[in-house]
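Common to both upcoming complexes is chain A, partnered first by chain B, then by chain C.
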Partner chain A sequence: MTPKARRKKHLYQRIFSGRRLLRIAVILVAALSLTPVLYLIVRASESAPQIITLLTRPRTLQVLANSVLLTVLVTASATIVGCALAWLTMRTDLPGRRYWSAITCLPLVLPSYVGAFALLAALGPNGMLQGMLAPLGVTRLPSIYGLPGAWLALTLFTYPYVQLSVRAGLRGLDPALEDAARCLGLTRLQVFRQIVLPHLRPAIGAGALLVALYTLSDFGAVSLLQYNVFTREIYVQYSATLDRSAAAILALKLVALTGMIILIENWTRSHRPQYRAGTGTARAQTRIRLGNWHVPALVLCTMVTLLGLGIPVLVTMFWWVRGLHADSVIGAQTRILLHSMSASALAALSCVLAALPVVIQSVRYPGKLSRLAEKAAYAGHALPGIVVALALVFLGARYLPFLYQSLFMLVAAYTILFLPLALGALRTVMLKLNPRTEEAARMLGHTPANVFFHVTLPQLRPGMLTGMALVFLTCMKELPATLLLGPTGFETLATRIWSATEEAFFAMAAAPALILMLAAAISLWILLHHEQDQLPT
Partner chain B sequence: MKVAYIKHCLGIFTFLTIITLSLLGCRRGSHENEITLYSGRNQHLLAPLLEQFTQETGIRVNTRYGGTAELAATILEEGERSPADVFFAQDAGALGALSKAGLFQTLPENMLAKVPEPYRSQEGLWVGTSGRARVLVYNTNRVEESELPADMDGLTDAQWRNRVGWAPMNASFQAFVTALRVERGETATKEWLTAMAANQPRSYPRNTAILQAVAAGEIDVGLSNHYYLHTMEKEQGTTLAAKNYIPPKGTLVNVAGVGILRTTRKTEQAQKLLQFLLSEQAQRFFTDQTFEYPLVETIEPNPVLPPLDAMPDSELDLSLLEDLSGTLSLLQELGIL
Partner chain C sequence: MNTPIIACYTLSKAFNGIKAVKDVELEIAPGAFVALLGPSGCGKTTVLRLLAGLETPDTGVIRIGEVEIAGKGYALPPEKRRLGMVFQEYALFPHMSVRDNIAFGIRDRPDRDQRIDEVLTLVDLQSIQDRGPHSLSGGQQQRVALARALAPKPAVMLLDEPFSNLDAALRQRVRREIRQILLKAGVTTLFVTHDQEEALSLSDDVAVMIDGTIMQYGPPEELYRFPANQAVAGFLGETNFLQGQACGMYAESVLGRIQLHTAMQGKVTIMIRPENLILAPDPNGQATVCHHEYVGHSRIIMARDQQNQLLRCRLNGSLPPPPIGSKVSASVQDAAMAYQIS
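This part shows the complex of A and B:
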């Protein structure tokens, strides 16, 4: 080999060494996630004098207080419901637990504007419930508008984030730990508080963070249920005046609020190792017998399912049946379904691929870079879709005209918006992997790449599946980015539903909404089924 | 080991290449006989008409549907590089904003002349295609038509306390407030809004929600656009317990309208589309199918609609409805929004 060729080889190895590639990937992901924030800074700086007035008016404080209150309430209730359901379906002998675990996750796929519409139709003034109670002399129900309605709706549509995350956490828990603690004389309650809870803390924290960020960024439910929070304020600014600078300033405040929430989540992260260090494989977890407690447990499952899934499905069916005479109800929906599924599947893949390097970097080589990348990823999730979409319109139309309005751009937008869903799921599982296994494989002479593909990646599979499912289901209902960034004429189920409800054609919205729920239910079923085959439960 | 690694890398590489190519492949090419339309007007109210246009002229229309405001913001963001050739907006305000940003081109005089002056841009940058009247929609079981006020001022009366619904977030309500400001001035508008707010009207996010609330008896009267009632009755195949009322002293008629982007390379095809939207066929569609007012004077409105000339205020020049920020600050200052 000539010296020149050797130098070349050396350079090649330096550039393509695993660690370096990992760093480059993490930097790229962080850059992608920060695009919307950079855009907001560019737009906000155009009207610097306005900043002070917009920040200091009393109205802003009111909106801030509303946003914080709603976020805290929703996060608390969704965490409780999500944890309870995860525990019941994973660790007890609840009758029909496999069905419950799939069914209770389904509210995740409801677009919040459809869900809120349905809740209003059912529980609102003169709604269906009041109609049913009317013979009993009930003429007035407590008002659903404002905080109570927004709280109920958002809790119902977000608790599955916690549930799915805690499920993954519970699955990785080695029962030997609990047994050991019991042998050392701890009561069941003490075991739960000192062993189970600390191990679940990252999973609960990750799920709760997603709930909090979803609540901050949601527009559909808060606008229909009339509760004034940041997203509504931002939307009004865009729609009323097309003043992008003022909207950007408001959105940056939302980013700041997100920063605070991420700091809180940081605190829930445990610094103890989460992985098993014993030899052999973990034995299957035992299930707790509920005995007479199965009655309240079933009541809880039924109530949550009824409110979160039953009401929307029934109301949609009602619209559908009512509109049957108006001929234009079910057209060819196959093409639209395919659009929805393919864009969402690509986004699920892209999110997991983007999340992998960030998670590996942050768990194995924690440092400034990994912290930055993780936090940047969450910024995108808390921003309303319209902000992220306009950021990519700005970037795409000006600097990447060959990519603009291609499916590529849409998938990029989805990745910015939903990367944290994959991050959380992967991180929970990654923390449970013992680095000694990887080290042992290295000692046995395997290259880092080989170790990655044959040791790390297979073990990450449950996390990747959960992450993909979360992203897939969330993308199916995404609206603002799909409208602005998809290829022109690219219709999805969500855009169909939106365009029909926009003009109050509820019957036309019903068919795509039902198909959306069905498609999501099937995908979720396949996922959970697959998961059950994979691991002893 | 090495071989396995290379195989993996090759596999991943091919996979990513295929995906990238398929992602890029989805982008539509741009041909002579295709134009791109950004439409804030709903798909159900436009798509059948565009099909007829394609059949007649052979020009394909690639349409991006979305909210009027979102699409207007998108065009502003795209600036010089917008792929759009034509923009179809649901209200005059968004058209005004794009005109102000210098993004529209001047339309030929013969096209503008088809539509009466108030319903087109003074500089000839956009033209209205159909009219939408602001009305009071009321619940027929709870309110008699004779009880309703002669103009919007009557709603500030104490008897309407807690009985009225409006949609301050909605662009058509904001256009209505802007019209008040143009006509009566800042102080009078502020007085009206304050008096209305004192009557504690219920706020809805959009007109359809108001109509539903009125039909359900949640509120007695709502400020809305006229056509929602007709489309909803058509869809549900029933008569709702709601009726439109046009205050005899006058109301605002806003428009849905179109403009051609300055940056288009297909002016000729775009103008053909505009000609078509102002043709008898399209104007009939707007009034027969979507219950709006045709703006070309030779076309008779749908018989179910109250006649347009019964509305004295409908002569307000819509180009004047530009100062949207002023309206927004006013609404926010009064705590209505």
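This part shows the complex of A and C:
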């Protein structure tokens, strides 16, 4: 071959090289992740003249006030409960603290609408309690709809975020700091306020941020408990009126509020470095003796576990058994289970396929593009599900009528929402993959494509499986996007629980709820295993 | 020298504006066993990766035999170069058995199974061919990596720090084994190392690389005895550097008149290996013994002369050393290398 011909061939290889294909794939994934936000901005700007009137409508202001109030209340109560539990299980001699530590985190994986269902099925009209009290002549119970119910339900399902974060913070706190402060003459209380609390502030902040974001984006609990915040109002506007711009503007406001909370958290985060002087393992932390205080401490743990876990499980079982007596249709259950599973499986596949190029790019060729793609993926994840769903509904109805009302749109929404789960799982494995093995394969005469399929991909398999399992189980629980984007008549476990609870057919919701609880338990188990894998070895 | 089997000329490579390899020239004769020696960060691994095709050179050409495989504007991808490579951490495929690892480079060949058995016998691993890489010891993993690279019968074998991951006790034995295997396979070898003892004891030729350039290239003895400059002299082993005034074939120094290897004039730095310096007990000596270092087979005696300069002398380990504080006179055996001070 002449040098000229060789050069030409090289040029050809560069244009169609794997690197370029990889970049194109990464750009496509980033574009997909950013689609909802971009579309909402376009949509809202089209109706710019209306914005002012819409924003200042008393109804909108009321929704804003409700959202802020609920977010503040839930964040405050979840922070208090989470901190208390973290401290009790980590730093005191609470009896059975290991057991409490594990079990109090469990409500995290239950979807909020299952919690709302349990609350309503227990205490609501035609609920369990009313049924029991009916023989005594009680026909009305104080209402749990509105703020009190939403507040209680959301607190019970979000405090673990704070607990886990604070637990990690306490673990990272060098006990030598406290010892040093005691030696310098500070009392226990002073040490707590001057050493422990400042150290924990970032951990508490991070946990509280997650709680606030969860509360703002939650649709299941607030819609079932009928408290009018943004997510519910968006759904009402969307389903009740033909004016879709109103829903888009509400969605944008919700996004703005979400962004504001992230900014506030960023701003208040202390920038002082947190470090432990010297390396080596820190000494085990001393535990505080609770003495007589262990009675109220145990009461707290029991109460929280009972409300967040015990009652939902018991109530669901109760209605399930009743449903069995009432002979509800089994065939319908398998059909909705199949719906849930098929949509979730497609989403799992799609998420892992989308995550693959992003992870390879960010680990092998880190740079602006990979950072942008990862940020875009996390931005999609931070958006409330109903906002993503709404954006895709509009987009589909307007530009992609042939895809609208098809499973494709639902899978796209799942992918935008849950891509980071697959990213995290794949990344862990990719980081461990030795790039020299890929080079060794090249040296043995294999083309880049061959190397990818025979060396890279097989080594990534465990991460792909973990990612798929996590996405699958999370999609099973997803409600708002499924509700808005599912094809007509496409009922899933989530939508069944939601619609049955809304109409107080608790027995119909029980079996799907039990299946979801099982799925939740499995996903928690995978998460914990995954966490262990991430520890440095 | 007949046509080199692998050669590079004016090879340069920069990473983020920092030049890692500067104008490297290297020619390796067929069948040679060559070491590329240098301190860590000197660019020696980059040279290896450039030859392998895992990096693209900024300038320069690389040839295999008569064929140019990299030059201005193009570089043959690694899979087309047919070179063997053993990586520092072996890079075995964790999802394949030993046998599958070895088969990976010769999948499409009809005589595949026969060749696998051949290399397995060569590296003496028949008994563990069905095990996974994770269950092997470091030495075994290395032999698998070697067998995998040898299987496609490459003309040249590149090894990146092949012995650095082995513990000291194992290293000596493995070195000899690997050299035997590679000689038996009749493959030209270039290996990268930062261990000067390893480079000197194993190879036919050594290229000393410091700061991205090859400072000297030649047989080990030439390098050790007649280093081209002070940096090479210092890197290849302990030395004494003395200031002196050269005048033809000898130079005046604190140790008196020293014979030089080549004729020089003016101010020079004289290089004397510790084993060429003799410290003899002498009550009227100019130097005082200040320190001993016993290293088993030999003993380093350190003494200070009147100018408080430290002199190092290597003595047979079984001989009694002159006591610390005693006076000694120093003399030099053999002609010494000297370097002009500019």
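The criterion applied here is as follows: the second predicted complex is superposed on the first by the 273 of 537 C-alpha atoms of A that agree within 3 Å, B and C clash if a C-alpha of one lies under 4 Å from a C-alpha of the other, contacts with A are read in each partner's own complex, and residues count from 1 in each chain.
Simple rule for what comes next: a residue touches a chain if its C-beta (ideal position, glycine included) is under 8 Å from a C-beta of that chain, and two chains touch if they have at least 3 such contacts.
Worth saying up front: this structure is predicted, and the values here are computed from it rather than measured.
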| item | value |
| --- | --- |
| Per-residue touch tally on chain A - higher for chain B or for chain C | B |
| First (chain B), second (chain C), both or neither touched by A:439 | second |
| Touched partner set for A:447, first chain B, second chain C, both or neither | both |
| Touching partner for A:508 - first (chain B), second (chain C), both, neither | first |
| Touching partner for A:487 - first (chain B), second (chain C), both, neither | first |
| First (chain B), second (chain C), both or neither touched by A:135 | neither |
| First (chain B), second (chain C), both or neither touched by A:458 | second |
| Residues of chain A at both interfaces, chain B in one complex, chain C in the other | 445-447 |
| Contacting residues of chain A [partner chain C, same complex] | 3, 6-7, 10, 13, 434, 436-437, 439-448, 454-455, 458-459, 461 |
| Interface residues, chain B side, partner chain A - complex | 1-2, 4-5, 8-9, 19-20, 22-24, 26-28, 36, 42-45, 62-67, 69-74, 76-79, 81-83, 94, 97, 169, 171, 174, 202-206, 208-209, 211-213, 216-218, 228, 231-232, 234-237, 324-325, 327-328, 331-332, 335, 337 |
| Chain A to chain B touching residues, read off their complex | 59, 124-127, 145, 223-224, 226, 232, 235-244, 322-323, 325-326, 346, 349, 386, 389-390, 393-394, 397-398, 401-408, 411, 445-447, 449-450, 453, 480, 483-484, 487-490, 495, 499-508 |
| Of chain C, residues touching chain A in the complex | 52-54, 68, 71, 73-75, 77-85, 87-89, 91-95, 104-105, 145, 148-149, 152 |
